[in-house]
Amino acid sequence: MIPRYSRPEMVAIWSPETKFRIWYEIEAHACDAQAALGVIPKANAEAVWRAKDVEFDVARIDEIEAVTKHDVIAFLTHLAEHIGSEDARFVHQGMTSSDVLDTTFNIQLVRAADILLADMDRVLAALKNRAFEHKDTVRIGRSHGIHAEPTTMGLTFARFYAEMDRNKARLAAARDEVATGAISGAVGTFANIDPAVEEHVCAQLGLRPEPISTQVIPRDRHAMFFATLGVIASSIENVAIEIRHMQRTEVLEAEEYFSPGQKGSSAMPHKRNPVLTENLTGLARLVRMAVVPAMENVALWHERDISHSSVERGIGPDTTITLDFALNRLAGVIEKLVVYPENMLKNMNKFKGLVMSQRVLLALTQAGVSREDAYRLVQRNAMKVWEQGKDFREELLADAEVTAALSPAEIEEKFDLGYHTKHVDTIFARVFGA
Amino acid sequence: MIPRYSRPEMVAIWSPETKFRIWYEIEAHACDAQAALGVIPKANAEAVWRAKDVEFDVARIDEIEAVTKHDVIAFLTHLAEHIGSEDARFVHQGMTSSDVLDTTFNIQLVRAADILLADMDRVLAALKNRAFEHKDTVRIGRSHGIHAEPTTMGLTFARFYAEMDRNKARLAAARDEVATGAISGAVGTFANIDPAVEEHVCAQLGLRPEPISTQVIPRDRHAMFFATLGVIASSIENVAIEIRHMQRTEVLEAEEYFSPGQKGSSAMPHKRNPVLTENLTGLARLVRMAVVPAMENVALWHERDISHSSVERGIGPDTTITLDFALNRLAGVIEKLVVYPENMLKNMNKFKGLVMSQRVLLALTQAGVSREDAYRLVQRNAMKVWEQGKDFREELLADAEVTAALSPAEIEEKFDLGYHTKHVDTIFARVFGA
Amino acid sequence: MIPRYSRPEMVAIWSPETKFRIWYEIEAHACDAQAALGVIPKANAEAVWRAKDVEFDVARIDEIEAVTKHDVIAFLTHLAEHIGSEDARFVHQGMTSSDVLDTTFNIQLVRAADILLADMDRVLAALKNRAFEHKDTVRIGRSHGIHAEPTTMGLTFARFYAEMDRNKARLAAARDEVATGAISGAVGTFANIDPAVEEHVCAQLGLRPEPISTQVIPRDRHAMFFATLGVIASSIENVAIEIRHMQRTEVLEAEEYFSPGQKGSSAMPHKRNPVLTENLTGLARLVRMAVVPAMENVALWHERDISHSSVERGIGPDTTITLDFALNRLAGVIEKLVVYPENMLKNMNKFKGLVMSQRVLLALTQAGVSREDAYRLVQRNAMKVWEQGKDFREELLADAEVTAALSPAEIEEKFDLGYHTKHVDTIFARVFGA
Amino acid sequence: MIPRYSRPEMVAIWSPETKFRIWYEIEAHACDAQAALGVIPKANAEAVWRAKDVEFDVARIDEIEAVTKHDVIAFLTHLAEHIGSEDARFVHQGMTSSDVLDTTFNIQLVRAADILLADMDRVLAALKNRAFEHKDTVRIGRSHGIHAEPTTMGLTFARFYAEMDRNKARLAAARDEVATGAISGAVGTFANIDPAVEEHVCAQLGLRPEPISTQVIPRDRHAMFFATLGVIASSIENVAIEIRHMQRTEVLEAEEYFSPGQKGSSAMPHKRNPVLTENLTGLARLVRMAVVPAMENVALWHERDISHSSVERGIGPDTTITLDFALNRLAGVIEKLVVYPENMLKNMNKFKGLVMSQRVLLALTQAGVSREDAYRLVQRNAMKVWEQGKDFREELLADAEVTAALSPAEIEEKFDLGYHTKHVDTIFARVFGA
């Protein structure tokens, strides 16, 4: 975790306090189920709940672990210090450490996913607002970084909305994938514990029982989870790159909000740098790097090896914390993005009228000119704009071969911007609903 | 594509012939829609279908492309050679190359996914068969490569089944994600083509219209697709590693089928190596390596840059072909895997009775011995088995502290294998249905 | 391999013909060494060389392999068809397949590296030429995509030169790393073959004996090799991104060479897209994706497993072929890049004089103004340029607080471009030598 | 950073205190150089050194940064609080933040590399010790997890030594690559600062001047650095996997040291799990995941963008801390590894004499039997051992076709273990020197 790229709500999910709290709840619910089955005395199960309001002492547990070299045993020893070793003696019965650890990890991932889903709602709301705000703000569409045809700023926001909305559905699916728990014993056979315990604990904690586990919950679920976070990060990068391009000195169609007291550079006071979106570009790389190790974690040996554990101690908190921060930073950037519609128009007209060449090409074809000839006619006039700074419309009007096919009025009509925005409402209806 | 790791059916999807065929169908359907809208003459649209049974001449198209340096223009020029340049003149009208290329790519991915889904059905069928065949074949479960408690070979197959079944659902979702088409023009605004064309073409080709595209279909869809293939590959690796472990000389609980004429080694004729599953381990790495570039492809500049194209020319065919081959190889390995139940029993008893230690521990606890004492009692007898090759049951029966808590009959009962398999049916019902 | 991104010279290295030729040479040299040791008859060793000019029949070898399912045995069988089975009987004696396969793979990588090193020489030559050509071509330096201070186009080329030169040194080291051969038998103990054979074969083929091998040559060497290719690819991306930025419509400081007959777009004839550098960006991703699997190949089980083999069948040819193509494409792009010095000046002056703010800031500080005050003074005038299009120099001259510290002449002097280029020769001397 | 996988010495390199200390030294040395050039007053330069023994107040700097939103400005402001704003006024003159940040980052990487090199020395020493200790400890060599021919445990340690020794050379080279500093101003032109300052600062801090920088030091250096760490991690995984295999219940040729008080499992007291090497396997994945983002960092926009920064804030500390921990853990595992030579012999004889089949094959060939016949003869007897548990030597002696070619004495001689170890000294001399 990098403190400057973290938010307390997500950090809290990964604190030792939260972890021990979840361990406790799993053990306590398991005792209830065991008591209901008659495996352990009801009184002992009830006794465990006496620690309900205890804040477990992380330092003390660490101290015990230093001796036992086993974290779950350390926790159980500490728990016994609270409820008495006599009453604690049936806690964890028939369970294996991984029953607790894996179920806990999944609960943490589910909670993390819930925060991320809320984050995405904030991003989506911002994108939607800005999309409608700039639905008709015309700017040039670019392919290969080169002017193509007009589009609108609203469409840009709308496509990022549609992409993030897909990501939300993906994350909801990935959350669902990891919302399982397992209390199935040392190799997943329930030899020493009835499946009813697993069912009870999962029901209490909002999970589904893992249909078949070994000592651990299968890691393909987690691979899919982190792969999904990687895709979301890539979409964040997508928005970030767009904004970084827009803020370039030569383009300046938008700028990240620049607070009055902020200094852009220690050396060049005039600079307003898109540092937030550049930062998001880097954060996307950090999130994405968890994908391959999460996949390498799938092939555990036999009923489990523990190689996945260190990986997850890293990527579990780091990836969710970084992505949570990134989504919130992204939302803020979008909410406050300063858009310059006038610069958009200025840029579009850098090569006077040239972006309308496709329309003219089509009109010539429809007027009976062969595709090859039409292409040649358009290209010859386009090159004069490109190379000599001429005005495309004027050149066309002065080209006898062109005017032989198209009337001046027909040529003029090709330069109407409305032509390019006529389906914006249709697209918005597709994206945001009618 | 590596020829030895490819199957013709999947290779065919990525052939130039298939590609041009799909291009043709997109163009022809688009002409129909344009004619229905009155944008182009019906006769011209109909004329395009005259090429319906033509096998396009790949060499000729390459020849034209060498001049035009543009693949779609080359194809259209060649198409005109078939239907006449007069009739061909409305083909592709209002469309941009990417409308054709991206819709084609998605069709190829959808077809590839359909083959992969069928492959997975074969793997699932094999796993299910072998799971039921070995439902009660007892073997030792292992954590950390160390004997833990008994499980059954059927449970091993069943968990691979459950994992692959999840993968199938993931791939179905990923297939659905890429089952979109776009005919939306140079920057996705439909300026020169009515959305109705896109709707018609997509409907004809089994796709949904992309709600909002730029010049291209957004690449987050493809990132998710390849990420999903990466997860599937990781699950293949998971099965492969299990089998490789089982075939080790010292373990020998199973072997890949070894055909009579096959030579295992040029030097050591006795060797039967798990070369298929080792190969699958490598193929998994090859599939997985597509994930990160697919994610790097998401952040295209503005309405598109073409950096994704070379990546997809590589990973599109290579990854699907490799995964298709791997799934089929995996299915074959599972179908024909030679299982050695007697070796499983022999291995389980390597340390006589030691794998039952957990049961004894529990029994002692339930008989009123404290957790710490029970642990000490079990460990002390276990160590004698481990270090001196003693028999665990006999040691327990001879340990006065143990027999003070448990009767000989109670101790004997702890060594009943049925104890460990009693919930196999429950788990099978969860995995395969009641 | 993607045919359109390949060059025949590199492809040839990976052909079956080349592979069998190398196998043959290894076997023949090994026979010589065995004969010299008296292990096999001299006559038989000499007989092997009778096949010296044979072009081995790949189809025939494949046919044999279909039966034996072992490639080296198939080749040896075919070799016997040429030199007679009696004379062939000592070929491969004491060797294991991997002796041949691994030594061959390293020879192929060495040859591939030699081509890549030559490719890099071409890139370096182009960068050096263009660097000196544009040593004094002033353009604005940009951080965060925002104008910073003037630099020169020559410095841009020079830094790419320095980076590629480092890459060349890295590749030379990586080539050296894989320039080893092993003829050490089934588990690397030389049990059945004298180390002298390995020494002879390696000496003949330009390799060093691998100091300690198992059945295979250790794969950390190859991991380092592919990691190095990944770094080179990232540097290609670095140059490509710079050019793509320069070619943006709004910037247009350079363009990829656009041949007269070339069509930029099927729809927009005016477009000149930086498609080569966009392609290079994608190719960089393809090369880089080999790095992780090459690292995953290091941890082979015991004296070898064959999981690395399929990976290397993919990344061996694909990565070197793609990188070879990319380096040559890059060289061509640099050699023919059309540079627009006048646009560079125009861009630099977009915000009149603003890029000199740092100099003014320093001058104020040196004139005794506190850092904070100087910053405030510069920022206040800079903002007028930024927001109202004013001329920075004029604003400064009109700002009483500024002129209280600096005379008009001192202010004027701050706008001298020579100030920024005065150390270009120093830097060139560092990069290219005095 | 994951606290449980970290060592204080490496953590200290990445503390804010260390960072500010390096910043301070860079600034102070730069002032000296500026004073020597006459750019700033000598008195002011000397004044800066008054803070030589100050421990900078991280909390205070953070407080200032919260206002300025710029870390270097915050530090300089704090420095002024120590030496007085009058004397501090020339600090940082002509420099840009990145001059400080990048030079600092490289110093940190160099220091980290020095620790890692020392770590590797510890690993190398352990491997060498264990190699000589077990030079003649015979064990079976395995390919594909299947018994091949005898080797020795010493050779296993020796090959890990050779591999780690290569890694040390690689890291030394990578350390050298990042041992550069840059004080070259906003876009690397030295416009506002003389190259002599850079030279002085670098000389004082043990760095070379970066020959050509932009605002930043080129990131190909860092990509190479992290790629090298990735290769080292893969070699750690290689050793870890070997040990995990050796500790399997069925193999048990070695065990990680198991301290008396340690509990292997909460449920199965007899278990001794290779948890350290499993952990190392996971840590290797964590280190390796930094490689791709480090490569993605190379292509910064123009003279710099800041996307690399967040990545490096993550992977800079995390990767070096994790690798440092892993190398030390690895050294400990090797130093204390419990080796079981008697189990090695037991395993080797699992299939009686079968591992000698290669020798018999060769002997038959040399006795004039054709390769094909010899193969058939060996295979037929080998299969009896494999399938019926027969003794290979006895079967050969009873096979008339075999004894027709080889005398009983010749057959017996093939089962001499010394045959396989005769070149161990030769190999040791190659690896460790004569």
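As written, the chain order gives the labels A, B, C and D, with residue 1 at the start of each chain.
One rule holds for everything that comes next: contacts are C-beta pairs under 8 Å (C-beta built on N, C-alpha and C of every residue); 3 or more make two chains touch, one makes a residue touch a chain.
Since we're looking at a predicted model, the values are computed, not measured.
Student: Thinking of A-D, which of B-C, A-C or A-B forms a repeat of its interface, with over half the contact pairs identical?
Tutor: Of the listed pairs B-C, A-C or A-B, the one copying the A-D interface is B-C.
Student: Between C-D and B-C, which chain pair shares more contacting C-beta pairs?
Tutor: Result: the pair with more contacts is C-D.
Student: Roughly how far is chain C from chain D, going centre to centre by Cα mean, in whole Å?
Tutor: From the centre of chain C to the centre of chain D is 24 Å.
Student: Measure off the straight-line distance from the CA centroid of chain B to the CA centroid of chain C, and report it in whole Å.
Tutor: 33
Student: Residues of chain D that contact two or more other chains, please.
Tutor: Residues 142-145, 148-149, 185-186, 192, 244-245, 263, 265, 267-268, 273, 275, 278, 288, 292, 296, 301, 305-306, 358.
Student: For chain C, which residues count as touching chain B in their complex?
Tutor: It comes out as residues 2, 4-5, 67-70, 72-73, 76, 92, 95-97, 185-186, 192, 244, 259, 261-263, 265-268, 273, 275, 278-279, 281-283, 285-286, 288-290, 292-293, 296-297, 301, 305-311, 313-315, 318, 322.
Student: Which bits of chain A are touching chain C when the two form their complex?
Tutor: 140, 142-149, 244-245, 247-251, 263, 265, 267-275, 278, 292, 296, 347, 350-351, 354-355, 357-358, 361, 375, 378-379, 382-383, 385-386
Student: Quick check on the complex: what are the chain B residues that touch chain A?
Tutor: 85, 89-90, 93-94, 141-145, 148-151, 155, 158-159, 162-163, 166-167, 170, 173, 177, 185-192, 195, 209, 211-215, 218, 220-221, 223-224, 227-228, 230-231, 233-235, 237-238, 240-242, 245, 288, 291-292, 295-296, 298-306, 358-359, 362, 365-366, 370-371, 419-424, 426-427, 430-431
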